[in-house]
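Chain naming follows the written order as A, B, C and D, and within any one chain the residues start at number 1.
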Amino acid sequence: MGVAHTHAWRTAPRFFPMAAPPELALLVGRDEARTRAAADRLEIAEIETDWRRAVEREDIDVVDICTPGNTHAEIALAALAAGKHVLCEKPLANSVAEAEAMTAAAERAAARGVRTFCGFSYRRTPALALAKRFVEEGRLGEIRHVRAQYLQDWLSDADTPLNWRLEKDKAGSGALGDIGAHSVDAAQWVSGQLIEGVSAMLHTFVETRPLAGTAQGLGGSAEAGAPSGPVTVDDAAAFTARFDGGAIGVFEATRFAQGRRNANRLEINGSSGSIAFDFESMNTLEYFDARDDQAAQGFRTIQVTDAVHPYTDHWWPVGHGLGYGDLFVHQVADVVAALQADTAAHPDFAEALKVQRVLHAVEASARNASRYTSVDRPDSQD
Amino acid sequence: MGVAHTHAWRTAPRFFPMAAPPELALLVGRDEARTRAAADRLEIAEIETDWRRAVEREDIDVVDICTPGNTHAEIALAALAAGKHVLCEKPLANSVAEAEAMTAAAERAAARGVRTFCGFSYRRTPALALAKRFVEEGRLGEIRHVRAQYLQDWLSDADTPLNWRLEKDKAGSGALGDIGAHSVDAAQWVSGQLIEGVSAMLHTFVETRPLAGTAQGLGGSAEAGAPSGPVTVDDAAAFTARFDGGAIGVFEATRFAQGRRNANRLEINGSSGSIAFDFESMNTLEYFDARDDQAAQGFRTIQVTDAVHPYTDHWWPVGHGLGYGDLFVHQVADVVAALQADTAAHPDFAEALKVQRVLHAVEASARNASRYTSVDRPDSQD
Amino acid sequence: MGVAHTHAWRTAPRFFPMAAPPELALLVGRDEARTRAAADRLEIAEIETDWRRAVEREDIDVVDICTPGNTHAEIALAALAAGKHVLCEKPLANSVAEAEAMTAAAERAAARGVRTFCGFSYRRTPALALAKRFVEEGRLGEIRHVRAQYLQDWLSDADTPLNWRLEKDKAGSGALGDIGAHSVDAAQWVSGQLIEGVSAMLHTFVETRPLAGTAQGLGGSAEAGAPSGPVTVDDAAAFTARFDGGAIGVFEATRFAQGRRNANRLEINGSSGSIAFDFESMNTLEYFDARDDQAAQGFRTIQVTDAVHPYTDHWWPVGHGLGYGDLFVHQVADVVAALQADTAAHPDFAEALKVQRVLHAVEASARNASRYTSVDRPDSQD
Amino acid sequence: MGVAHTHAWRTAPRFFPMAAPPELALLVGRDEARTRAAADRLEIAEIETDWRRAVEREDIDVVDICTPGNTHAEIALAALAAGKHVLCEKPLANSVAEAEAMTAAAERAAARGVRTFCGFSYRRTPALALAKRFVEEGRLGEIRHVRAQYLQDWLSDADTPLNWRLEKDKAGSGALGDIGAHSVDAAQWVSGQLIEGVSAMLHTFVETRPLAGTAQGLGGSAEAGAPSGPVTVDDAAAFTARFDGGAIGVFEATRFAQGRRNANRLEINGSSGSIAFDFESMNTLEYFDARDDQAAQGFRTIQVTDAVHPYTDHWWPVGHGLGYGDLFVHQVADVVAALQADTAAHPDFAEALKVQRVLHAVEASARNASRYTSVDRPDSQD
């Protein structure tokens, strides 16, 4: 993430005109030698090993937090207190309580003109941004269905060793927070509706895995008797949802879907049209318009690379697609544009908190025999 | 359905060698004039207006029931009592109780060599039959995910008039029983696992519709003030499931997915491979083999039209696909082959009852705040 | 082909209303025992071993010729002379001279109300018929590009034995006449333009093959030293073309395209839109409308299974596709409808002759260093 | 192109480790003010308005030529004479004579350790590089068919004004040189075979266009009577080809294929497999392996984003695709790696000359009634 962010800060001003291009003043990392090496490669002059020094410096305007989730709150709170704008990687925090504290601090800081942003980078995909525009233009009519899947497969092999993403105390949750969070954010953002309640199932397919370093061979196959440890997060999450605008949703997130490398999918069906997106084909959007004459109706495969599409007018000729790394460039462009115009950019901490609350309700429902659980009151039994 | 079945009985012996081709002896319908006209067109010599007469006749070996669901039980019970083999359209019945009675009768009849069959015709799709073969061959390894969607869009327009499929007393249920039943059957059959429990949501988007005959114009748009009536079934069903072999499932059935004409989809992910199917592309199966060398892995689009594939060796050269109507030809071929060899053909009443029980658990869970509900004990609160 | 045609004559009246359904009076074949067996299976009461007897019979109205191409002319001429309507399989004949004689006879017979038809069955694909309708409606504007590929792969293995389709005296030509003919017919029919001239290349990749019966094993791999024979037709044909309406075309036909089972493809680009078709996905048509608003332009995947589409209103609900065999049902329906209304049905012999002339020009150009060759004067050197 | 190249020089060292990252020392442009502005935006300290000054400077190691084709030869010859390594945009030159002179100079310079490179950037697409690897590994067996299309649509509207790409004296040729050149290069590079001869057609659909600046409105629709000028290049090119390894090819390049934004496609069929690529889906490669067991054969959609694939191990996790701009980063990485290791990188001037010769033969054949024309002796009449 650090590389992607740094690359984006460098690249954005070359493609998106900016009154004042951002300067990368300081790289912070805990290990001095490694931080120095990274700063050299990334052409950043100064380093620090204590993030507090960054927050104290007068010449720093923006703090970009790419650390693990359990450190977000402390850093962000300090940065906001010091009057820095903050861009924080998703998930906003590892708990709703922390996210609430951050959002409260963000609201206080906003009174002094300080802005917050959360790094739900998939929003910067031109095709998803176009989908949102289509919804706002009323092309889909009344929205009925939201269908979101985030399917990966890199844990399919039971002999893949344990890593921190499989340990609850570090990662917070598994597929749910890692990739399901993106689905929840995209679903709410594109549909323009918020999730009111969920009925959820979490599941762990492989309950113990070999410890890293003990596995043998290319296939990662563990020796018999090799030391192993418990997986303490969900391998997969599935839930149904009700939205505040009347839509219903079906969500699924997993890292066990063999052959699905990064199938971040969103489909929305309305009374007069539909959109469908899959990140594995990130430069296209499927769009169905029920108002087309009946003989000629069909899902259109829009190549979202045209001058009239979001972001793409800053890049290449039509038909010359973008890549994953370019999403972070868009994020920087949006953040800088907001700061220079002194306007809001989505999503801020308050909006990211709404995602966090949905994830919390999912976990509560899963613990409670999948019972329908309100996002606002996840612990009530009504 | 009557036309499709008749066409199939006629066509099957021309493509699937049979020791004794079936004869269409008798067409039964309630209205004499309409039944006579149909029989003429379908080239069936005799008609009856009372199904009891068919059941009584000595020269009838097989009774093919294509009537509405609420009449299945009575006819099937009489036919079985009279020693006739029975092919009954899906759903087996409108209630679990009726389906259980039919299954009990089928078991008694089986002792006398009488066979039963239920018309889950999608099983006869070569691509789905190939998927099942792949699972049985162990190509997918340990199955983790079952993902079934049945998406249609013909009710998207809120001005489409009421019809019997939207009235609970006639149709039993809405999208759930009409199309979701196919998904449940296919999921259990292909995966080789049975659903143990579900957590479900049912939803009705359009609660009243104009009465048929009162709508105006091509678009079916109702005049203001036109008489209307209540929709008493679900417009959409969504549920998560746990299977007895350790897989988890996500199911969705709707008739409100604009642009999805008949997207009957099934995807299964296992530890060593995946299959994905969509009836909108019925002659292909997507197959992923995780044992392919890493640089060359990818979902294969298999054109299931080869001599080595199920059913297709009886038809055209490779690459020349089949159509929906051909599924019923396969069904007849399977039924006749089973009768002539005196073996079982899938699915019999007992297997169809298992689908019915899942639908019942779905309805029970939906009534109970989506709480996880056991298929065996849908009414318990544990 | 005989099975497909017989099946179609039987099936058509059940789905397409006809004043008088056709009766299959007589099956003609050279070998009495095999013809009798076929007639029994196909439920045709009478047989003959000499086609002249069929032509003589008063009670025969239509002669359906499914014999090899070198016999078409003789049978068709006799049938037309006897006042029978004739449906002749494609290609119309093995030479332009024969095709011209047949067309002249057809014109004479037409004066007596006798109709001719040629079996270019792919025209009966609903998606291609829709494409033609779109062109006629002006949706594509001025047509610039025609792009036709017919790709199969069943000869890819050099050890596949010789068969009659690889011998010039029996088959006339190879990929060109067998499948390229379909492309030429579809291109001219859908575009509404005729090919004026071509520049062509024919190629034979595998020049000798083992004789049938000498190959060993499932893979068809020939023993070393097994007897072999020469392939005397083209394995592949490729040509560029100019159309009389200003379009240019690129055609390719091969049976060596590994993995392409039956990719009969046609794409047409006009000033205001495009269509693209692939028989491997026979129930869909890709359609691009350049008049859509720019942000929402894209190829639409039309499922050509709706009541407003050609042929499909006679079959199943929307989204329930047709198969290859159904094309022949449409052909019978079109032929019978034309005969009963005493109107023309496409294509008649004159139209089929136009395809033959293009193939002839292709062969002439290929012999002449690919020099551009006029369809009307293929042997001139201007 | 200048922006893409500059961005690539900056970005490459961040993702591809280099002993010594390149420095952008000097930007050369004819207009001082505009060059200065560009240099500021691109963060290049120095500028020149005469390219000769760049060639003279001792501290310049590599000259990257992004000027129009008619200036390539002069600059490249001077740079090579001065001992600079040269990266020259495609096409190498506007005539074979110039390209030959450049290649001769490159050979002389090579003796002094100087390297040349030509910017056929599509070779840097991971999926095409993987296709080449598959051919080299023998996966496709004996190659029979090469099928290359480069379809764009930005000239479909006859009212789009004239621009320099439509004038022969500036652009050299139209679709042929602009995009067909990419197809020729990719076809030869991936297949490992060179084109021996071609039979070609060039065509101009719209022969006059309004002059730029005279058109009205968003649609570019010209006022009646507005001044117009002649289009002097081809709008489309189509040709068949024979390769030196026995394959045959079909090529098509056009900017009039409505709906095809940048469909740079390549398909190769061999005796044991096939590959198919379309730049509109640049992160995937279709691959068919005829050695798969028969029931499971099908084109695989490989997501070429894995650590084992070309280039992609330097970027993001599997499934997170690249974009068009990243191809130039790969080009820089390859050039720098070659220079630092003192090895060759493809394609050098000699290889680019081979493309130029094919284009020349295409033009000669098109002038000569599409007669088959040898690439080596395009002007002979044998």
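To be clear about the criterion, a contact is a pair of C-beta atoms (placed from the backbone, for glycine too) under 8 Å apart; a residue touches a chain by one contact, two chains touch by 3 or more.
From a predicted model like this one, the values you see are computed outputs, not experimental measurements.
Asker: With chain centres defined as mean CA positions, report which chain is farthest from chain C.
Answerer: Relative to chain C, the chain whose C-alpha centre sits farthest away is A.
Asker: More contacting C-beta pairs: A-D or B-D?
Answerer: Top pair by contacting C-beta pairs is A-D.
Asker: Using CA atom averages as chain centres, what separation in Å is found between chain B and chain D?
Answerer: Centre-to-centre distance between chain B and chain D: 53 Å.
Asker: Roughly how far is chain A from chain D, going centre to centre by Cα mean, in whole Å?
Answerer: 36
Asker: By residue number and range, which residues of chain D touch two or more other chains?
Answerer: 260, 297-299, 303, 306 - these are the residues of chain D that touch more than one other chain.
Asker: Quick check on the complex: what are the chain D residues that touch chain C?
Answerer: Those residues of chain D that touch chain C are 140, 144-145, 147, 149, 153, 156-158, 199-201, 203, 205, 236, 238-240, 242, 246, 248, 250, 252, 254, 256-260, 267, 269-274, 288, 290, 297-299, 369-372.
Asker: Report the residues of chain D in contact with chain B in the complex, numbered from low to high.
Answerer: 130, 133-134, 139, 284-285, 287, 289, 292, 294-303, 306, 308-309
Asker: What part of chain C is in contact with chain B in the complex they form?
Answerer: 3-4, 6-7, 10-11, 13-15, 41-42, 152, 154, 260-263, 279-283, 303, 305-306, 315-326
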